[in-house]
Every structure is written in C-alpha cells, then in structure tokens.
Amino acid sequence: MTRIAILGATGYTALELIKILLRHPGAEIVAVTSRQEGQPHIAMIHPSLTARLDLRLEDLSPAEVAARAECVFSCLPHGASAAVIPALLDAGRRVVDFSADYRLNDPAVYEQWYGLKHVDAARLGKVVYGLPELFREKIPPAQLVANPGCYPTTAILALTPLLKAGMIDPKSIIIDSKSGVTGAGRTLKLTAHYPECNESISAYNVGRHRHQPEIEQVLGMAAGTTVEVVFAPHLTPMDRGILTSAYAQPTREVTEEKVLQTIRDFYEDEPFVRVVDHLPGTKDSTGTNFCDITARVVRGRVVCFSCLDNLIKGAAGAAVQNFNLMFGYGETTAL
Amino acid sequence: MTRIAILGATGYTALELIKILLRHPGAEIVAVTSRQEGQPHIAMIHPSLTARLDLRLEDLSPAEVAARAECVFSCLPHGASAAVIPALLDAGRRVVDFSADYRLNDPAVYEQWYGLKHVDAARLGKVVYGLPELFREKIPPAQLVANPGCYPTTAILALTPLLKAGMIDPKSIIIDSKSGVTGAGRTLKLTAHYPECNESISAYNVGRHRHQPEIEQVLGMAAGTTVEVVFAPHLTPMDRGILTSAYAQPTREVTEEKVLQTIRDFYEDEPFVRVVDHLPGTKDSTGTNFCDITARVVRGRVVCFSCLDNLIKGAAGAAVQNFNLMFGYGETTAL
Amino acid sequence: MTRIAILGATGYTALELIKILLRHPGAEIVAVTSRQEGQPHIAMIHPSLTARLDLRLEDLSPAEVAARAECVFSCLPHGASAAVIPALLDAGRRVVDFSADYRLNDPAVYEQWYGLKHVDAARLGKVVYGLPELFREKIPPAQLVANPGCYPTTAILALTPLLKAGMIDPKSIIIDSKSGVTGAGRTLKLTAHYPECNESISAYNVGRHRHQPEIEQVLGMAAGTTVEVVFAPHLTPMDRGILTSAYAQPTREVTEEKVLQTIRDFYEDEPFVRVVDHLPGTKDSTGTNFCDITARVVRGRVVCFSCLDNLIKGAAGAAVQNFNLMFGYGETTAL
Amino acid sequence: MTRIAILGATGYTALELIKILLRHPGAEIVAVTSRQEGQPHIAMIHPSLTARLDLRLEDLSPAEVAARAECVFSCLPHGASAAVIPALLDAGRRVVDFSADYRLNDPAVYEQWYGLKHVDAARLGKVVYGLPELFREKIPPAQLVANPGCYPTTAILALTPLLKAGMIDPKSIIIDSKSGVTGAGRTLKLTAHYPECNESISAYNVGRHRHQPEIEQVLGMAAGTTVEVVFAPHLTPMDRGILTSAYAQPTREVTEEKVLQTIRDFYEDEPFVRVVDHLPGTKDSTGTNFCDITARVVRGRVVCFSCLDNLIKGAAGAAVQNFNLMFGYGETTAL
C-alpha cells in the first residue's frame, strides 16, 4: 500500500486521479491539498466524491506533505509546482508532476513560453518525460516524473513511429488538434462559459500554445533533428477528449498500408495504444487510458489521427501508469 | 412577388430556406414537394413551421411545378435533382439547385466522385457556380444556378484571395474542416444518432469526400493552375456551423498583416464576408449569412480560419442571395 | 423611426434584442450602455455583431440617455434598473424594463424575495405587466412596461385559460420548469461553467426562485383568488429554451379534449401562441417569438406543457412586441 | 470465476455491462449474442471495446448458450427475452433479465401496457424484482432476477421511504423525470437523431410510458395500498443520466429535516444510495452505480429529487449488483 498526497485537488485532473486511485488496490490517498479553498470536505468541491473519499482539503507545507505521503501527485499550475517539488524531493519523496514545470529541457525555452523564470532550472534536462511508450525503462528508478501534456501525448504518439522510421519530413508537420472543454480547467473564464462555447468550435492560441515547444522537443528526439511544427488547437463543445489530425510530407513515396504497419509495429506490445483501421472518434477512448491511432495517405501526403481522453491518458491515467511503473505495480493496474 | 416552389422540402436546408423566405417581402412559397412522405401538412414534418406556412407536401411532376412557380429551389439529393431540372428549365423556369449535380464542370469527375452517370452531362461546364463573392456578375442573367457546397464555401472564400495574389503554393493546401451534425442531413444514420456523435469528434471520408473535387475546381480557377488539396472533414458535436482551418506554404516570405490585408482588400465591399482580427467561433455567424475569416502566419506557414452557418451561408442563405440577384431584389434582402 | 437606447447591453438578452431591432424597419439603435466595460465597440463584447452595429458601449447618465432616445430598453439587473428608470420617465421617455423591478405589485413582496428595499416603491402596482396576451389593451398608452420573466411567461400562458375557466384548483399547481443555460446570464459562475453543467441536469432554487411570487401574482389575477404554486426550476444542458410542465387538480372531471379546447379558444386570435396537439420540444420555438402549449389529462389530473425561447418570447421578443404596441407598429413587426 | 453470456449485445446497456464485467475479478464473458448482425467481432459494433474483449457476436440457441455459460444477462427487448429465458432456466442456468418481461406481476397489466400476450405468464408474480435496496434477501437464492427499469429505480428509491413511513399520500404522486438520450436505445429513430434532440427538451409518452405500471406496482408494495402516479418522462439533450423530480402531498405537516431524515435512515447502510443535502445534478453520479437523493418541502408539499446513471444504476450496474448477490461476490465488486 502506497500512501499518496495530491496537491491542488480542486481541479478536474485531480478529480479524475482520485477516481482512478480509489479503485487501485495499492493506493491510499492520505492528503488532498488546496491553497485557496479553506478546509472544506473534498465532496463539497467535487460532489461526485460524496461517500467515496472522506478527506478535507488542507493547506499543507511540503514538509507536512512529505511527513504523510510516500508519493505525491502535483496538480498545481506551472510555477506553483516547481515551487514545492524540490522540497519534496529533498525529503526523499517521489513525485509525479502534472504541470509543465519539468517537461522542457531548456530553461530559456521555459521562460520564453511560460513567461516566468524557472525556480529550479538546474534540474531541467534531467527529469524523465513520463510517456511510458517512449521512455518506459527510465520511469521505474525515477524520483520525479514529468507527466506529459494532453495535446503533446496525442501528437507524439502518432508521429514518433514515422519520424523514427525517417518516413516523414520533420519540417513539414502540421498539427490540428480538437479538445473538449475540461482541458481549459475549472477556473472560470468566458471562453468556458456554457453559452459561449456550447454549439461552437473555434481555434485558439494558434502558434502560441505552450504545448508547441513540448511537442517539438519530444518529436525532435524521435527525429534526431530539430522539429518545428504548426500547432493549431481548437476548443470543441464536449466535456473531454482530444482528436489530433496531423499532416506531414513523406520523405519518399508511401502507401497507407506501409504507414499503418509502421505505427502498428512500433506499438505492438503497448497495452494502451490501439492502432486501428477505422477513423476513431474521441468517444471510443472516453473514460479509458487508451490512445487510438490511425493514418491515411491523401494526395501523397500522410495524415495521422490520434484520440484520447484528455483527463485520463492525457493526464490522470498517464500519471497512474507512471505511478505503477515507479512503485512496481502492474502497469495497467486500475486503468 | 415571386412564386416559389421548393423540391425536397423535408430536409434541414429546405426548412432553413422556408424560414428565410417567410420574411422575404418578394417571395411567396406556393409549393413544397416530397416524393416519400405522402401529403402531410409541412408542419407535421417540421413542427417549427406550425402557424407559419400553411401548405401540404405534394408529389408533383416537373410540369406541375412549372405551372405554379416562377422560381424553383431544388433541395433534392444529387442524381434526383438532375433528373427533374432539365424539364423545369425547358419550361422556362429559373432554378437554384442545392445539390452537387451542376457544380462540377467535368462529367467524368462527377461520375468518379458521385458514382453515377450524369443524366444532363451536356449542361456541365455552362452552369454558374452560385458564389456571388466570386461570380456575382454571372448570376443575374442565369437561368440555373448551382448553389455551392457548405465546405467548399468556407475553403474557397478563405483561400481565393491568397491564390489570386500568388501568395500561396497551390500544391501545398491542407483543409481541416469541422462541421456540425445538420450537415449530415435528416436521414437517419448511426453516425448522426445522438448517443454516437454527442460528446465526440471524429474525422470521416478523409480524402474521399465529394466536396474535395469541388474545392479543387474552384480554387483552380482562382490559381489559374491545377490545385490539389488534402481535405479532412470532421463531425463535431453541435447542430450547425463549419470551421475550416486551412494550411498553405507561402510562395514568398509573408507577414500576418500582409496576409490579412490581402483578404480584407479582396472582400472590401462584400456584405457577407467579415474579415476579422480575432479567431472566430462558429457561433459568431450562427443564424446569419456571414462568413468570418481570419489568418495567421505560424513558423512561416499561412493558416486561414473560416466560419459560417452551414445551413445558411453554406446552403439556404446563399441560395436566397442568389435568388435576390437573379430576380432583382436587393442582395441582402431577408438575410 | 424610433430612436432607441439599450441599457446594460453586454448580456444575452440585450444581444438578442439588438439582433431583433436590426431587422425592425422602425427602430434605430442610438445608444448602448454599460457601466463596467469601458467604451469598447459593441462587437468586442458580442463578436456576432461585427459589421452589423457600429456603436461603442458608453457609460451614460439617465439625462444623456433621455437626450438621445425616445424609447429605452433597460437590460440592467434588478435594483440597478429601478435606480435609473424614474429619471427617464420624468424626462418623458418611454421604457421597457427587462428586470423584475416593476413586475410585482407589493413592495413588501419585492423586498422579501429580492432582498433589497425598492427605491421607487410608490410606482409598484401601477405598472403594466407586459404580457400582451393578457394585458394588450393597457400597453399602447403605457409609459413604462414591465417585461415578464421567462419562466412566468411559460407558466402564466399555460395556466391562465384554465384558471379563468375555473377548471383547475388554484391551490394544486405544481410547476416543473426546465431552462437552457443562457437563462443564467453572461456573468461567470461555476454552475454555468461548461464542464459543470454540460451533460447534466439539476434542479436549483426550488421553492426559493424569484419568479415564484411573479407567477403567483399574475395567476392570482386570472384565478380571482390567491394562488400558491410549487415552482421547481431545472438547469438543462442547452443554450436556450424553456419547457414548463405544469400539474394541477381539476375542479371537476375533465377530458383532454375539453382542456385543450379551452386553451385553444382562449388564444384563438393570438399571433404568438400556438396551441398544438403534440408534445412540443423547445427547439420548435427556438429563434422565434412563439409560445407552444399543449395539455394532457393523466389519471384524472391536468398536465400542461409550454415551451418558448427564453431569450425571445421570454425576454427580447416580448419586449419588441411591447415596443410595437407602444409605438404603433404592427405587433408582429420584426418578430 | 463465473462464465457469462450476454444476449442482445449490440445495445448500450450491453456495452456498459461488458465494460463493468471486464473489471470484475469473478466474471468471464464467454459469449455475446445478436440475432441481426451476422458474426462481426464485437469491436466492429462497439469500437470502444477494441483490444478489450476478443469475441464475435453469435446467433446462439438457448441450448448453446446454456452449454457455455453459468449466468446469462439478457439485454433482449421485451417479448424476445421471455421467448428464450424459460429454456435457459429449464437448463439450470441463472438469469438477470434487463427487459420488462418479468417485472410486472399481472399478465393482464403486461398485456395492456406492452401490447402483447406474455408467453411465460405463469411465472409472473414469482420473479424477484432486482432492486437490492428493497429486496436484497430474495436475490441470492433467485434463479431469475428481473432487473428494474431506469425510471422506476429513481422514483421507487426516492418515494419508498416516505410511503413506508406513511408520510405522503399514495394518491398524490406526480413524477416528472428527465432522461438522457441513451435511454432511447441504439435503434435509429428520428427523436434520437442528433439535430432533432440536441438543444431541445420535450416530454414524451406522458401517461402512456410503460414504466408507469412498474412504478405503481412497486410503490404499491411500499404503501400497502394501490398507488396511482402521474408519470411524465422528458427527453433531455445529454448522453446519460436521469433526474426524477417527484411531488407528493404529505399526510400530515412535515419539515424538510424530517423528510430528509426519514430517507437518510432508510438507506443508512446502503452502499449505493447517497442521501444528500444539496440538489444533485445527474453528473454527480455519471459513470457510477450511485443513486443520489434529496428532498425539499415547498408550500407544504414534499418534493424529492433523485439522480442516477441510467446505464449503470438504471441498468448494467444494478444487474452486476444483482449478479454479485446471486453468485456470492461482494455486492460492490466492480461497481
């Protein structure tokens, strides 16, 4: 049994994490924290947890968290996460960080895209990026794992096999992603106000979304060269799910069969990647830790489609997958 | 007062057309037809028309239609439309055709994409494509107008100014479109069954959608050369609206300002194209005949966004715009 | 041409009002006000108005408003509305008030339900309640009209004919209403945050909703006696529309036919009430000024169903209907 | 390990059942049947099951089913279910029936409401109604369990404590229920066509819904007298969830506290009933086997609100709860 603390437990990813951990035979949630909400019972914030988790939100110091828990999931926003994680690591605790604070290797890139100086910059470049499909062997020994972003997971899983195979031009990639509204978080904002976003789809932060450098960094590792992508996220009127449609120029003539086979071979033994022939809908993976991928060749160009549940494989499910690897549970436990 | 018949009045585009014509001071709807539904009152099929239009659906021959109406809107499916329009034209009636039957110039392309031999092939290539923003001067004298497809309108309006200006490479165009479910029509199908498509987004008919050759044909006219596009339509959980995100390689270095200004200049006097600075949502144009367009330059590539209401500017509104031009009403009447 | 000012123009009812007035041949919008938003162009707040209304929001005093406009629509919240309307009336202007400030006759009831002292209490009881179906003859001469609440309109229109006919027991009425989320307004709140209210239905303010005394007051006038209702509003995952299901004990044995005929006769000449045989959906009246009503008799009890678009017949459409009557335009103009 | 067959596996309740059983440590799905679909892989019908259940749909006789499975879940429609269940029982198999075939005690009532003669009428009145909260002790020994209807579960759980306590008048009950669209099943119909039911709420089958006699029968057992209810179901634009708002006249003066306490006491030890103080939304119980209940007293009348996930506590979850009790697993296993 592993004692677990969840930092920043008022948001949607934390709620999803709690639901998964409640059915995990090796997980015991011992603390849920929040800096802003007083000490209400967690069910006051998340009514769906009524009668399921009997804890109050607490405003705990890193030392208090470390005293109670062996494993800490940080669902704090970027900046806030890096402000407390070093103390937890110093105290010997293991951490899965949902924020972007430890995903980028270069402090300058972090500063450019997130608009603040990294308070733990020395650690950047040494933290494992918690995508088991690419970096599984590095996760079990890790003390800190940077949980990937939701959009990056879709794009990276779809394109890595083709880049590794040298099948697509690393300079030609266009990523058109469609996300449900939970991706915008639980903080009130006009763009997530029901009458504004319901019955409407729109692009946002085109070319300026913070997941762009994350995608480029990890795809660059696959390509073995610099990758620059056009990334256009879109807000879609649904609760959860991301569909990424990725377009690339092949480096040589390819067939649809060859492209699909390359992706299929790459993920042959993966428990949570399903390479399918049909065009998947986000609903196929809603509520699961699966990522569904397919590909087409149109007018000589490669088009990949990749779907997942942004709160699960795009956040809390991936985190538990990492937790399982870190603490020696079966990788698919509770997922 | 122009007497109007609507063929195939049980679908959503016909319903929208009726609603627009009911507030048109020069339009009198004298017949609504259906081949399948018996002769129920139109309000039995479309309850929203209760107390607004007192007509029964009838199964009328072209001769009967021609005897009653001066102008015929055909909302019949492709194939069925070309089967009755020649007789209407021979009888001297003027027709706006919602189907794809008269949009393509080449009977071979029609046969390839629609899977049937065109019964009025000799007329292809001589019918005006009813997009007033590009072909306004040809519409007033036309006896038959081919009303554009909904997806093509978004893509053509966004990209034509840039192709005419030689600003983008005609071989580089990727069109990622997102449509509401009314675009799939009123015929029952599993993909439009609420529990299947609600809370889900998916691509469909990628590289095989029939609007692809229509887009290529009209963009080819703008470019003055062959255009081949990758077209990926997506089904989005909302009633109406299309957002098209179009990606292209510029032929020379461009700035966002320059791209936007080129589009803005092109549509300077257009009553129904709004070139905006912000990223538009489909809801901004829901219920209107507007098409909203903007553009970005990301990593050196041009990205255009184009929104409209698929049932209005993408169908019935465009048809009334054409009707207004054909019959000498003010172009924006009732729109 | 009537010069119109709209106070509190940043909300959804004001937006809908503007859209209706833009197609009104006798209306000219000369001012749109807001106390909070600076002086942005109205299209910055409501992008759907781009290229349709070229006005900036202004923070105007009642005197400035009175100097410019002949007719004032107040979309201000309760309390704020009564704070400015007296000055407008003193200046000779005519006013349609969307707020609840002048709907109730009794200042004590107002104070009890709205939690604040009425600043213009002397006027209460003398203001016409702007429901033309019941009080048409009082509206043309009125200087001030209190525009009805959205829920009350559904309940009052459904039940008044039966109460006037003495057909139902005034003490037995249960009103179970379901409203779309625009009814909650444009102010951010967790209950209208998309991931909270999408895919969920819940009751709220049961027995404590401020529309309850309004319903009771107007139904009491129809019944000629005190009416007390159980009112349970529900938040429904859709943009707009209200469906009210009202249950009552008949005073004598009744048939469905008799109940329906009573309602039908009552509204025989009404342009905006459609008494139908089928069970209407809110979508049948979406985007229109209609209220659709039907009734059933189940196990000896009367059940009425009443639908409308909360932003139109439940707010802006009703206001324009009142405006038309006040200023001598045809009652259905622009509706 | 219990070998399980699922009859009629193409629908939504069967899909939900499969998902629950896949995480049940004691359940092994050995057959999934369908009469209509050929023998496609189950993942061809339910793409979300890709890589999760490797079975083909088969058209099996009752004897073949009995040869393979110990427990049979019948998700067949009414009529079809009773046509095969007797043979399964004769072969010694245990059955949970999702259809209404064995819920009613009186063959005449069945024939009146379902419009067909019951082929196994002799068994009616002897089958346990599978609502563990009321009939738990009868379930472990049962060979056949009639799984309750979704609407009845909400109404029965909310009202039974008050009827047993003699607190409400059995003749005064009004049940206004709101259901998501999955309740209408996977068979195509216009009322579940996305553009018809999205953004709309409507009542249907008022006074004629087949769950009415089921509710009356089970509430009658609680009341110890005949219960007649007004039952008005409403179709709500969401995938899943039912909210029932039930209104009743108290037999004596009551307080809200007293009503709530009566319900709370009744369900004190129930693992899947949560009696809450706030007004629950359906989303609080989405994806769970919980039923959330609260109550209010308004104008002297009792109002109960009851929510659950129609596919889980209203169907597949309840079925697994029954299965657990029948086969000696912990009642909450996999739920």
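The letters A, B, C and D name the chains in turn, as written, and every chain counts its residues from 1.
Definition applied: a residue touches a chain if its C-beta (ideal position, glycine included) is under 8 Å from a C-beta of that chain, and two chains touch if they have at least 3 such contacts.
Here the structure is a predicted model, which is why all the values come from computation and not from measurement.
S.K.: Write down the chain pair with more C-beta contact pairs when A-C is set against B-C.
M.R.: Most contacts of the two pairs: A-C.
S.K.: Which of C-D, B-C or A-B has the same interface as A-D, meaning more than half of the contact pairs match by residue number?
M.R.: The pair repeating the interface of A-D is B-C.
S.K.: What whole-Å value do you get for the distance between subunit A and subunit B if each is reduced to the mean of its CA atoms?
M.R.: Comparing mean C-alpha positions, subunit B is 39 Å from subunit A.
S.K.: Measure off the straight-line distance from the CA centroid of subunit A to the CA centroid of subunit C, and report it in whole Å.
M.R.: Averaging C-alpha atoms per chain gives centres 46 Å apart.
S.K.: Whole-Å distance, subunit B centre to subunit C centre, using C-alpha means?
M.R.: 36
S.K.: So which stretches of subunit D touch two or more other chains?
M.R.: Answer for subunit D, listing residues that touch two or more other chains: 197-199, 237-239, 280-281, 283-284, 286.
S.K.: So in the complex, the part of subunit D that touches subunit B is made up of which residues?
M.R.: Those in contact with subunit B are residues 12, 181-182, 186, 188-190, 192-195, 197-199, 237-239.
S.K.: Contact residues on subunit D for subunit C in the complex?
M.R.: Going through subunit D, the ones touching subunit C are 174, 176, 178, 180, 196-204, 206-207, 228-232, 234, 236-241, 243, 245, 247, 279-284, 286, 296-299, 301, 303, 305, 307.
S.K.: Considering only the defined contacts, which subunit D positions touch subunit A in the complex?
M.R.: Per the stated touch rule, the residues are 23, 47-48, 50-51, 199, 274, 276, 278, 280-281, 283-288, 290, 292.
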